[in-house]
Amino acid sequence: MQFRLERRAEPSRLMLYAAPVAAVLLTMVLGAVIFSLMGYNGVGAVIEIFTRPITNPLKWQDLGIKAAPLIIIGVGLAIAYRANVWNIGAEGQYVAGAMAGTAVALLTMGMEGPWILPAMIVAGVLGGMLWGAIPALLKTQLDVNEILTSLMLNYAIIQLLGYLLRGPWRDPMGFSFPQTPLFTASQSLPYLWRGTIMHWGVPIALVVALLAWFVMSRSVFGFQVKVVGSAPNAARYGGFSAKRTIWLALLVSGGLAGLAGILEAAGPFRQLVPGFNTGYGFTAIIVAFLGRLNPLGAIAAGLVLAITYVGGEIAQTTIGLPSAATGIFQALMLFLLLAGDIFVRYRLKAVAPRPAGEAA
Amino acid sequence: MTMLPRRTILKGGIALAAMPALSGIALGQEKLKVGFAYLAVPGDYGWTYAHDQGANDLIKALGDKIEVTKVENVGESGPNVERVLRELAQQGNKLIFATTFGHMEAAVKVSAEFPDVIFEHCTGFKTAPNLGTYNARFYEGRAVIGTIAGHMSKAGVGGYLASFPIPEVVMGIDAFCLAARKVNPNFTLKVIWLNTWFDPAKEADAARALLDQGVDVITQHTDSPAPVQVCEERGAICFGQASDMASFGPNACLTSIVDNWGPHYIRATQAVLDGTWVSAQPWEGLKEGVVLVTPYNAKVPAEVAAAADAVKQGQIDGSLHIFTGPIKDKDGNEMVAAGQTPDDGFLLGLQTYVEGVQA
Amino acid sequence: MSPDLAVAIVVAIVGVSTPILLAALGELVVEKAGVLNLGVEGMMLMGAVIGFAMAASTGNPWLGVLAAAVAAALGALIFGFLTLSLSANQVATGLALTIFGTGFSALAGKAFLGKTIPVFGAVFPPELAQHPFGRVFFGYSPIVYFSLFMVVAVWWFLTRTRAGLILRAVGENDASAHSIGYSVVGVRYGAVAFGGAMAGVAGAYFSMVGTPMWAENLTAGRGWIALALVVFAAWRPYRLLAGAYLFGAVMTLELHAKAAGGWFSVVPPEAWAALPYLATIFVLVAISMRRSGSTSAPACLGKPFLPTA
């Protein structure tokens, strides 16, 4: 018996949803084997990383606040990638959003009022959109590859952040540590319930994902994005503007990354520090893919990634697994998912060895 | 990725009202669980390595009474730090060390959530009844190596690889330069700010640039041993930082300033075991053995070693404080009047360079 | 400026530029074949750790460099298998490779932390490098000469050989290349493996020449600068050489200016750090405004090849 790949007439919906589940499961199996071979407690590592965060209710809040920014950014990227616009500048747009919101916070340091936090959030979204608008402008006006420009802009804005924190934005009372003052109560994201660490970013992430799902599946905009992304020629006949879609894709994904940035700055951080960007913008690319470029899928994928982070830390404290293991698990998961995607478009077909003499 | 500022403290040694220390520990029945949150990985051979050595000393000393958990790569700040500290508390650790300045806000927050867990935060300035701080007088070590540099620099020009212009780093630069100028009044110090704690390639390139510019002795306030390797290759002299870096430059590295956290970790843990721990802000140095100067390289002539030892001894017995005036700043204005010794608050907010520093 | 200092600065620039040049040369060939591999940083780290490990355990730096190239090429082949054989998305796979390489190198390097090896230094007899001007030419590690040789070799390959022509055709129009009968996937596999090997040697330069030791995240983001450089050089080997030395000169002179004091050090260091990326964007803009075919991005860059037949 031999196998060969045969192209499917229609992409398999079953495989589309089975692939990520299979990827996660296979990651656990392969991860256990690899880490056992390396002399660690491989099975223990998988149990600690993938199940402890779920079975221990104390960790649910951690999962929520870790997943929230990943989900928000991942939803935006999913929309952009659906439109075939490859924004890999979410990291920079996240920082831009946080910086724009922080600028409002620094201007309103002495003030109070319920309008301050919303103003910061609006500024954050605009900041992210602005940073996303640069690749959009270059792409639509000059046909400059957005992958390259959005990637380069990440590193540029991180340097700008470093400069501002070292110079003009430095906390005057902070003994020259390069960081902003702590935000005031009016500038901070409140907790959902007193005594928890769950902040408003978590429900906002869910609302963003649901709204995006609704827009993508039920609105003309969503239809347009998908058509432009998957069948640009048909889109042109249909009167959909490719340029407008590029603008929308980058503004939406940039704006959402900016939203995540200011929520993170006004929530868990309550200030900007040089290490503010921790790679959420890149991890969210995994989230978008693992979530099948579907906003609801991004919720699940964001949670899975959050589990690997939180679980990775648990595994360090309980069985002494090195921190680098988390990255290996995440990379493995993405590799397997991307590999498994082949079955969406192809099926594995068993072919009996051809009897001799039969015509081909 | 930029690494963040850390390590500093504000007010030295103010013990908060002693509170009855933890009732939660049933002595003799269960091992005390002690947790460590590390900025990076022990493999940096710098800051985190030194804390890890301290943790290992603690295990050696009290291993039969305690159980130690270490978490690497916690990072400098933000929700990750908070989560790790909380995780350690939830895992039953009753004494938790947060080992870098950036962990301060997280330590404040999480210590409030777990009033029966004791937290100690390295180089910070915020405290609570169950949150203390600890720091080391690294500048005392800088005075010792500055003395050696003043004697051994033929060019009379030293190089200093600096990370971020925070008081702790400025303090080290000033102490080094002051000590060197006591030996050689014409000594000058070129400072390169790298805006990073750890980037081996950049640190090495900066060391090369300093050597090319006529510097013949280098010291660093960044974490990697790369500059020591460069000095070894180029035949220059240098000093190790945070841990003993002699193995990276057997000829070049004249001595290292070691952050020796072991004694503090053992004392603090013992106090928790005994139920005598109180929230305090110790700022200890050569005298208490929290700052160590490793044995001098054979290249250091006997009279230079004697001069360095005198500086070391003077700081241990209190007869010498490197910041005792007269001190002028780099523009020639008076910084500290003759005969005056500034208090710790002055040092912990230090932002001016002394005469001879070119930064 | 004294001649000695001038020579020292030139030597320093060469040291800073070489690893970026190597990694970028590899990526240039990959991109010319129409593939965008964002895993450069991860492959460099794999090369750095394996090169160091091999050199430290065998005492033979040449074996170290070879092992670095092989290890990173194997990493690249993971990327190749997913993107070429399974048509996976190149951006996502490349990022996954960087995450993987970072984690892999951290784990694999644990046993080598704190160890040192002799610098894989000057290959010519020291007498040749004694005179300052001799030093400019004869004072380097073999990897430096290798990088310069590879600039010529890559240029010659791409512009003067049939194989190079095919590779460019595959990058410009994969469907036509396929229909003429060339193996698009085969050519791209070769390019991706070559790109990995070059990134591996670049990583080995860090752990064996620049700072002969292993530390986590040793390359500290230089892989992204290499990616920028390929674009900055408009996908041309000689411009790549010039660009690498320009980037290297900026990074080196910044440090020298700080050491010397003076006006140059007034510019915030962040501005210098951001310069390679901003310059790259400007170059991209300039290219598209001029629109001369030979300097623009390979037409198939980053797009999966799905043979319809």
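Odds and ends about this structure:
Letters A, B and C mark the chains as written, and numbering starts fresh at 1 in each.
The criterion applied here is as follows: contacts are C-beta pairs under 8 Å (C-beta built on N, C-alpha and C of every residue); 3 or more make two chains touch, one makes a residue touch a chain.
This structure is a prediction, so every number in the text was calculated from the model and none was measured.
Taken pairwise by the contact criterion, the protein chains are fully connected, each one touching every other. Ranked by C-beta contact pairs, the top interface belongs to chains A-C. Averaging C-alpha coordinates per chain places the centre of chain A 28 Å away from that of chain C.
Between chain A and chain B the centroid-to-centroid distance comes to 37 Å (mean Cα coordinates, whole Å). Shared interface positions of chain B, i.e. residues touching 2 or more other chains, are given as 1, 41, 195. Each of residues 106, 110, 216, 221, 270 in chain C touches at least two other chains. The set of chain A residues touching two or more other chains comprises 162, 166, 322-323.
Every residue of chain A that touches chain C in the complex is listed here, in rising order: 38, 86, 88, 138, 142-145, 147-149, 151-153, 155-156, 159-160, 162-163, 166-167, 282, 285-286, 289, 322-328, 330-332, 334-335, 338-339, 341-342, 345.
The touching residues of chain C, when paired with chain B in their complex, are 5, 8-9, 12, 15-16, 106, 109-110, 113-114, 116, 119, 121, 206, 210-213, 215-216, 218-222, 251-252, 255-256, 258-261, 269-270. Residues 1, 40-45, 159, 190-193, 195, 198-206, 208-210, 212-213, 215, 224-226, 229-230, 233, 247-248, 358 of chain B are the ones that touch chain C when the two sit in their complex. Taken in their complex, chain B has these residues touching chain A: 1-5, 8, 10, 35, 41, 69-73, 75-80, 82-84, 86-88, 90-91, 101-102, 105, 164-167, 195, 348-349, 351. Taken together, the chain A residues at the contact with chain B in this complex read 58, 62, 65-66, 158, 162, 166, 175-179, 182, 197, 264, 267-271, 273-279, 310, 313-314, 316-318, 320, 322-323.
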